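What follows is a single structure, and I will ask about it in a moment.
A, B, C and D label the chains in the order they appear, each numbered from 1.
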Amino acid sequence: MDPIIATFIEENIVPNFNYWIYVILMMIGLYAMITKNNLIKKLIGMAIFQTAIILFYVSVGVKDAANIPIISHHGSEHHQMTDLSSETDSTKEIHNTIDKDKYANPLPHVLMLTAIVVGVSTLGLALAISQKIYKSFGTLEEDEILNKLRPGGHD
Amino acid sequence: MKIFGLIAVLVVGALLLSATSDFPDWRDKDSPANESPVSSFYIEKTEKLTKVPNMVTAVLADYRSYDTMFETVVIFIAGIGIIAVLRNFDGPNSSSIKRENNDEGGGLLARFTCSLILPFIQIFALYVVAHGHHSPGGGFQGGVMLGASYILAALAFGLSKAKDIFSERRTMIFAAVGIFIYVGWGVLCLLFGKEFLNYEALDPILPGDAKMARSHSMLIVEIGVAFTVTAIMFSMYSNLSTRGRLSKGL
Amino acid sequence: MTEFSFIPLFTWIVSLLAVPGILLFRKRPDAREGITFLAAFLKLGMIFMMLPLIREGKILCFKFGEILPGIPIEFRVDGLGMLFALVASSLWILTTLYSLGYMRGLKEHDQTRFFVCFALSLSATIGVAFAGNLLTLYIFYEILSLSTYPLVTHHGDKEARSGGRTYLSHLLGTSVAFVLPAMIYCYWKSGGDLNFTDGSLLSTNIGSDAGLIVLLAFTLGFAKSGLMPFHSWLPNAMVAPTPVSALLHAVAVVKVGVFCVLRVFTGVFGTDLIAELDIAAVISYVAAFTIIVSSLIALTQDNLKRRLAFSTIGQLAYIVLGVSFLTSNGVTGSAMHIATHAFGKITLFFCAGAIFVATGKKYVSQMVGLGRQMPVTMLAFLFGSLSIIGLPPFGGAWSKWYLFLGALEADQLAMAVVLIISSILNIAYLLPIPINAFFRRPPQEDGQAETIEIKEAPMACVVPLSITAVGGLLLFLFPELGFELAQLLTKK
Amino acid sequence: MTEHFPVLILLVPLFGALIVVLLGRERPDQCWVTSLISLGVSSLISFFTVIAVLSGKVQTLRYRMGGWPESDGYEVGIELRVDILAALVVFAVTFVGFVNTIYSKTRAGAEVRGKVPFFYALIQLLIVGLCGIVMTNDAFNLYVLIEITSLTSYALIAMGNRRAALSSFNYVIMGTIGASFYLIGVGYLYIKTGTLNIDDIRMVLEQKNLWEHQSIIVAFIFIMLGVWTKMAFFPLHGWLPNAYAYAPSMTGTFMAPLMTKVMVYVMIRVMVWIFGNEFVYSSQPMWGEIVIWMSVLAIVAGSLLALARTDIKKILTYLIVAEVGYMVGGSWLADGVGQAGAFYHILSDAAMTFCLFIAASIIVLRVGDSRVNAFDGLFRKMPLTMIGFTVGALSMIGLPPTCGFFSKWYLISAGIEAGHWGYVCALIFSSLVNAVIFFRIFERAYFGKISGVKEDHFPSDSDANPDIRIKEVPWSMLVPLFIASGSVLLLGIMNRSLFEWIQAALKMMNT
């Protein structure tokens, strides 16, 4: 392989491959939304598009060697960890300190929970609208619909 | 048009990728997002301040509960929006239209299996709702499961049967009541003299101390969410699957 | 000097208050016209109340509400405004009388609307005359355009509609396209001020190029002045009933146009600044071109009102030309010309209307020999023509004289020549009408007896036109008031 | 009590929507009353909020949801922030909502028969969303609220005829792209700053001096693209005209004046609060130039497209596209007069669009034809409606003393100050085109043939023909029209103080 490309991949894509994947997915979705003729295909594109963004956000919150952001009550794992890391602290604080590197960033998860809900709602509503379109035009192909509108000119 | 779209998409993609060059590496625990005081606060202080070990739930239902309230409203909007778009109340014979789908549900095997597993699904869903602050879960997840159980029932026993249990009217009431619980709980905090959704205000009427009040309130709020989500999920399914021609009115 | 007073406001508002009255009595024409008269006389009375104060060199001022930062709606009565208001409101009375005869004589429709719009236009005219800053001026200018539109299109037929379209598109279009940005530019350049108070609003920090553009934008933008590229609204507006043409398109509207130009020259720029920037020549050329070309066009028009309209365009350009000399004589001549031309031209229009009411004739070629049938009217027409041409003993002589002096003073010989040529052209297109009327016999129609009876228009028409004709004469004999007011403008 | 106003403004219509849904089926007639009351209360509260914010005691109302204090200088919860700008826009939104509800009294039953409760629920939720957008100080919360307004408006538009459904679908696609672009932009900001609170984002950007970073620039571009899509800025305007023209009339009358304007507000807010004037105007001088020329294009194209239409609602919708160009161009000219002028135009454009849309809807309803021909002789048939229409139209053209004149004044002076003559010319061009459009209509309305009466012969005003006069609509539509046209004039008269407040608030934001 060409060394330039190889270094490019090495330096840009590999450490940030999550971003590359999300951008590519997003482009697929966006392309479908813009160019597809069938309304349902557009909606599929929309779903891909929104999912790509969700992927992006979630990948932001990932940390090396971190767990899900739920503080575990079982086992004394994290207490031991903090005992070791902050020996000089007073005992009271030791009991309460939580090593933040042990847990993934919770905020993106929350945000994406919202985004998922929004996505579902949009999709549902859009499906309803396309059903209404199908009911009144008898087709879901955009060009056919436009053709049907043209000769009458009014509606 | 296609070329045009392709160019636009490529430009967008290139722009987005160009920005990744100065992004922190993936999984970097010292990235600004991960080490920012906000997320550290969530991780380190949540349990102390709210007695809830599941930070996601705490952030969702307490720190950013205002967001979540609107999230529930979004679901609600989708539910009534679908009805508003699809339903044709003044159609020529809206009430007399015969259901065109073969609404007999699945075969014997499907019915039998479903009648076996549905209770478990529902109990599990309730558990997910109720145990949201300690383990993965919460109102949305549980609500979706509960909604799915009704959808499964509709698939197995026919929509009309499912509707007998969970009629359109009832779904709307459930959905509205869910939000009512959520917002009402927030307003209750107002009435107790603190900010909207400041659960600490409810300490006098809830067991435990002010921090426990937050924990309890989260549960209540999540129940509200679950109500709405359950109802709307089922309503979405029943409306979309019948193209808005539900024979039994609201 | 400047004195706060409510009289300008009352003067302005009295014709506005007439509107509900007119509407109230729409079912009773006599009461309706009574209200118009009442308002007109009140207005004139109040102007006379202010007159002595103004002659002492005082400036009456009334302002309310700051509508933009630093700019209130401001009335400010100075000599020029007084002169204009005096002319407009005194002629309003006569025109009301005249329209009474004209409208009833022709049994016109929608007379209420007519009188309402007339009163509104008069208010707007007074508003312009008393405007104390550019924004107030602009607002009333636009109101005038809008309120005269229903008058121009009064007949509502196709011709009237197309005339109205030209009318509005020219007047509104130019004011929005040119005046508004120029005004905002001034506002910005002067640091948030648009008042006319002292000589120059703009200071010398405006460049010569920018100054020229702004000046041109103002001069052409106030298209009511009828300067050449944007003149065609005026002939087209002649579809209006004659009283409208008479008061509005010989006096109020067009004079508002030149009045605005005068204000821009004296109030916004100041003649000194214009002289310093050396940008008046372009305006002179435009005006001179307008004078000659419009006179030539007037020669070819057979429709009397259209001929008068083109004559008006030329005469208005005199005023602009006079200002652009930047000499005190020129400015005095211009200010005087506002008054003298008003009296002359309104007479001519009244005559044209009277002829139409009495005989239904609109074209110059039909009016041969009309003098025996309508001697009073045609005599008035002669008076008016002479005043417009600028021959003694009529008022027009004074203003032309000063304009001529101004041209010489400014060393603009070419412009003096233009004035002479145009006077000759004036003679050529105006005088043949009364001469033919008096000295030639009407073309004989078969089997018609030669007996011609005197058949004048209704008295309500004849009286005003006689008064204005005599007024032209009086302006020659007693011009002092006009001079005094005009010179208030030039002396600092 | 004052400190709770921001949240009360939202909660009242929210409860209103729930009550409407719960009670709606049994008593559809109560829906109107319920939403009238809830929006009335809400607009009353927002009016008091305006007063409270102006009164000097509170310049900026901050409201921490859930009472979470800041930690280490960062907000951990969601915060509402109401300054005079937000208060004014919120008041505009709730008030238009309230007045529009009056208008919908008879129309809702006729146009969305059987779905009246849903209509009222959705429109109240839309108002909740719009107010929330204006008041929130959290970038992600803004996204959620944008989606609330989007979803409600998809549904509201799609409740119309089949053309409406089709345009609503296009709106779904464009709206989702726009909102998602905004979300991407916020995501990029979050990656670099680690916070979502708008003030904190600004603070981190300043502290770490991130202005030069490519990701921040891209974030800015995407937020702008997203917002532009939602506000129908010219090349992205495709969804708007059909959506607003074919929606049920009382939906159009509400959405046309507000949706685009609120997004313009969001744009100004993002520009001023998150990124700051220095970044927007100075760091990349090319941007301003490009955007202003785009807005010039938007103004010219919007005006010409409007000129080419014969359908009154289409004309108005294309004029909205042009007006959006005004505001985008104005706010990009420079800080100071341009921004404040654009902001003042938000209010004045809302008022005049509202006025024109109500008048047009009334006319289309009465005449049964939305083409311009329908205006023939309307000054005699429906004088009151036409007076309202005239006020709105004069404001569109920009004649004093309507508010359209003053906003144009500020925008043009901003253009002159910035030396951007292309923008000035575009504004004037659009005024002229508007004049042509509306005077064409006036002429028809004024002279046009009334059926059965020959041209050139009107009945004189003394003998009013009884059957041409019966066409005026009921009070429930005329009152809103007059409130709208009255506010067009009121905004014009009050322009100076409004403008000063706006300038002061913008200055405060920048320091």
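Keep in mind that, in the parts below, a contact is a pair of C-beta atoms (placed from the backbone, for glycine too) under 8 Å apart; a residue touches a chain by one contact, two chains touch by 3 or more.
Since we're looking at a predicted model, the values are computed, not measured.
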Mind listing the chains that sit against chain A and also against chain B?
D
Report which of C-D and B-D is connected by more C-beta pairs in contact.
B-D
The chain whose C-alpha centroid lies farthest from that of chain D is chain C
Inter-chain centre distance, chain C versus chain D - centres from mean C-alpha coordinates, in Å
44
Separation of the C-alpha centres, chain A versus chain D, in whole Å, is 31
Rounded to a whole Å, what is the gap between the Cα centroids of chain B and chain C?
74
Hunt down the residues of chain A that sit against at least two other chains at once, touch-wise.
26, 30, 60, 107-108, 114, 118, 121-122, 125, 128-129, 132
Chain B touches at least 2 other chains through residues 16, 20-21, 23, 31, 33-35, 38-39, 42, 64, 67, 71, 74, 77-78, 81-82, 85
Pairwise touch network: line, ring, star, complete, or other:
other
Inter-chain touch pairs (all):
A-B, A-D, B-D, C-D
Note which residues of chain A are touching chain B in the complex, please.
12, 15-20, 23-24, 26-27, 30-31, 34-35, 59-64, 66, 68-73, 96-98, 100-101, 103, 105-110, 113-114, 117-118, 120-122, 124-125, 127-129, 131-132, 135
Give every residue of chain D touching chain C within the complex, in rising order.
397-401, 406, 408-409, 412-413, 416-417, 424, 428, 431-432, 435-436, 439, 443, 446-447, 455-458, 460-462, 493, 495-496, 499-500
In their shared complex, chain D is touched by residues of chain C numbered 26-27, 65-69, 109-110, 112-113, 135, 138-139, 142, 146, 150, 153, 155-157, 161, 164-165, 168-169, 172-173, 176-177, 180-181, 184-185, 187-188
Using the touch definition from the top, list the residues of chain B that touch chain A in their complex.
1-2, 5-6, 8-10, 12-13, 16-17, 20-21, 23, 25-29, 31, 33-35, 38-40, 42-44, 46-48, 53-56, 58-60, 64, 67-68, 71, 74-75, 77-78, 81-82, 85-86, 134-136, 140, 236, 239-240, 243-244
Provide the residue numbers of chain D that touch chain A in the complex, in ascending order.
140, 143-144, 147, 150-151, 154-155, 158, 161-163, 165-166, 168-169, 172-173, 176-177, 180, 183-184, 187, 190-191, 196
